[in-house]
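Shared between the two complexes below is subunit A, which has subunit B as its partner in the first and subunit C in the second.
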Partner chain A sequence: MARLNDDAQWIILMGFLISFSFFFLALIINQSTVVGQTTAESVIEFPKNDIRDLVGVITTNTSRSNTTVVNSDITVISLHRKNAVVRYSLIQPNPPVDLHSYASIHYNNGVTTYYENWTSL
Partner chain B sequence: MAALVTMRINDKGVSEAIGFMLIFGMVIVGIGLVTLYGYPLLLQQQVSADEKIMEKNMIVLQNDIKSLAYKAVPFKETSLKIGGGSLTVYDSSYSTPSSTIEINDNGNNPYIPPFTPGELRYESMSAQTDIALQNGAVVLRRHVEPGSVMLAEPRWFFDSATNTVVFNLIKITSDTIMSKEGIGTVQMRLVGEPSYSAAPPIPNGQAIKLVYTPTPSGGRQDYSVAWDNYIIKTFDNPPYISMTKSGGPPGSGTPVTYTLTNNGSSDMTLVIKIFEVNIKSL
Partner chain C sequence: MVNTDGQLYTIEGFAAGLIMIMTAYLVVSATSVYTAGDTHISDMQLEQLGSDALKIMATPASTGEISPLQKIIEVTPVGTDNATFGKMFGNLTNSKTGFGTDHIQFIASVSYRNKTDDSVSIYRLNSTRNLAGGEHAVRTTKWVIVNKKLPPSAPFAEDRAVLVEVLMWRD
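On to the complex of A and B.
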C-alpha cells in the first residue's frame, strides 16, 4: 500500500523551534529597553560638567585674598545656579616647607554626592 | 483483487453528517473559548500596556522638567502617545489641589506661602488608574485603593556633610485648561528665575515643620501615602535629624506634619527653591 512520505517532517519541527526562539528573543528584547533606559539616565544624570566647573573655579582661586568671601560666594552661586550643595576648604602653600596648595571639595546635588581631594602641582 | 478487498477497513460506521458536526462543534467551541476568555485577556493586556507606556511617558516628561529646572534649559518639547485615557494639565491655582505644602519654622511661622504644585495628570478610564506628575515626582494611584506609589522621586535632599536641607518645589502652570488624548506634543518652558530662599540658620534643637495637606475632598487625588514614604526615606536621618510625624494617617485625607529637628552639632541650613514650569501646549 502507498504510504505517506514523511521525510520532510523536520521542516515543521524546525518551524516550531524557530518560533519558540523568537518568543524568547522577544522576552529578552523587552527587558533590554528597561536596562538601556536606566543606564542612559544615570549617565546623563551624572553632573560631570558641574563638578569640572566647580573644581576649576576653586583651584584657580587658591591664591586669592579674602578666601571666606570667595568661599561663601562659590557656595551660594552653586546652590543658586547648579542646584548643588557645595563645601570646600583650602590649604595655602607654606613656601619653604611645602609648595603645594590643597583643597578638599564636597559636592551634593541630591542625586550625586562627590568628594575630591585636590593637590596643586 | 481479492487481496485488496481483505485489506480494506470496515467503514460502515463512518457518517459524513456526524463527522461534519464533530468538526463544526470543535470550531464553534474554539471560537467560543477565544471570545469568552482570549479576547478579554487581550484587552486587559492592551490596557496594562497603555498604562506601562504612560508610566514611561510621565518619566520622560519628568526628565524634561528636570532639564528645565536643574540644567537651565529654557524650553522642552516631547511627543507622546496617550492611550486608554487622557492627559490633563492642572494649573497651580486649581481650586481643589491634590496637595498643599507648607514649610514652617519651630514657631509655625511659614517660610513660604502655602504651596500648591499643580500637575500633569494621566487619567486612565480603562485601567482605573491615575498617574500624576506633581512637584517633580511621578506618582501612581489606583482609584479603588487608598494607597499610592511614587514611580520617580523629586529632588529633595539632605546633605549630612553641610547639614543642609534642600526642597526643590516645582510649580506647574498653564494659561488655559488643556487635555489630550491620542498623539500629542507636550511643550513646556521655564518661567523666570527660580525663586530661592535661604532661611536663617536653624540651631541645634530647633526644627523645620513640613505640613503636607492632601486634597480636601479626600477622594481619588490623595497621594499622601506615596509622599509620606518618600519624605520619611529622604529626611529621617537619625544621627543628624530626628523626625517625628503627627496628624494623618496618610491616605485618610487629613494633613500630616513632619517635624525635622536638628540634632547635628552645627546649625542646619534650609534652602527652598521654587521653579515655575509653564505648559505651553499638550
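On to the complex of A and C.
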C-alpha cells in the first residue's frame, strides 16, 4: 500500500478556515437585509404624527368659544377615522389667580397609549 | 480492503467546492438589492413628506391670520373640489432639487361630525386622479379648526374640528 501523502495539510486547514469564515460573513449579510424593514415598520406603527397633531390642535385652540363642540368633533372623528380613543379636558385660565390653561389628554389606538398633562406658558 | 489513497484530494475537493459556493453566494447577494422594496421604508418617507406638507399648509403666515388649509376648507362648499389645495399640496410634495417634478399622486378628503347623530361624513377636497387597483397608498392626516356650517344644512357657522385626510402614492 502506498504511503499516505501528508504534505500541505496546513494549506488545506487554512482553506477550511477561510471557507467557514465566508459562511459566517454570508450569514451576517443575510441578517442585515431585515434591519431596515423592522425599523421602518416600527416607525410607521408608532403614531408620532397623530399624537403631535392631536396635542397641537388641542393646545393651540384652548380659547375658542365652543370648545365642547370641538371636543366632541375630535373624540368622534378620532374613533371613526383614526381608530383611536381620544379623551381630553381643558381648564381655562382664571385670570387674577391663575393665568395658565391646562389640558389633560388621553390617547389610545390599541397599540400605543399616550397621556399628557399640558400647561400653557 | 479499503483504499485510503486520495484522501487529501477529496478534502481539497470539498474545500474548493465550499469556496466556490461561498464566492458565488457572495457575488449574487452583493449585486442584488439588500433591502427588498416591500419594506415600508419608502412608505415611511412618503407619509412623513405628506405630514410635513399638511403641517406647512396648516400654519398661518402671521399671528392673527388663518392658515391656508383652514381658508381652503372654509371657502369650499361641502362636496365641491378645490383646485387651490391641489396646487399647493402638489407643489409642496412634488418639488425636487434640479429640473422636473416628482410623481406623487393624492386624494384629499375632509371628515366632519354631524352634531345630530354623531355620525361622521366625508367629502373629497381634491385629487390628482383616482387610486387604481394594485397601487399602494399611505395615509396622512391633519386636524384643522374651521369656522363653517357643518353639515351644510346647519343653521349657523361655528368653530368645528375637521380631519383632513390625504392618501398619497407614487406612480
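In this text, the second predicted complex is superposed on the first by the 94 of 121 C-alpha atoms of A that agree within 3 Å, B and C clash if a C-alpha of one lies under 4 Å from a C-alpha of the other, contacts with A are read in each partner's own complex, and residues count from 1 in each chain.
Assume a residue touches a chain if its C-beta (ideal position, glycine included) is under 8 Å from a C-beta of that chain, and two chains touch if they have at least 3 such contacts.
Keep in mind that this is a model prediction, so the values were computed, not measured.
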- Task: Mind working out whether A:Gly15 is in touch with subunit B, subunit C, both or neither, as first, second, both or neither?
- Result: second
- Message: Per the contact definition in the header, classify A:Asn108: touching subunit B only (first), subunit C only (second), both, or neither.
- Response: first
- Task: Please work out whether A:Ala26 is in contact with subunit B alone, subunit C alone, both, or neither, and reply first, second, both or neither.
- Result: second
- Message: Looking at A:Asp53, would you say it contacts subunit B, subunit C, both, or neither? Reply first, second, both or neither.
- Response: second
- Task: Using the touch definition from the top, say if A:Asp73 reaches subunit B (first), subunit C (second), both or neither.
- Result: second
- Who contacts more of subunit A, subunit B or subunit C? C
- Interface residues of subunit A shared by subunit B and subunit C, listed 1, 37, 41, 76, 80-81
- Query: What part of subunit A is in contact with subunit B in the complex they form?
  - Reply: 1, 37, 41, 76, 79-81, 83, 85, 87, 106, 108-111, 113
- Touching residues on subunit A, where the partner in the complex is subunit C: 1-2, 4-6, 8-9, 12, 15-16, 18-19, 22-23, 25-26, 29-30, 32-33, 35-37, 39-41, 43-44, 49-50, 53-54, 56-57, 61, 64-66, 69-70, 72-74, 76-77, 80-82
- Under the touch definition given earlier, write down the residues of subunit C that touch subunit A in their complex. 4-5, 7-8, 11-12, 15-16, 18-19, 22-23, 25-26, 29-30, 34-36, 39-41, 43-44, 47-48, 51, 55, 111-113, 115, 118, 120, 122, 140-145, 158-163, 165
- Message: Under the stated contact criterion, what part of subunit B meets subunit A in this complex?
- Response: 7, 56, 63, 69-70, 72, 155-157, 159, 161-162, 164, 166, 168, 194, 196, 198, 271, 273
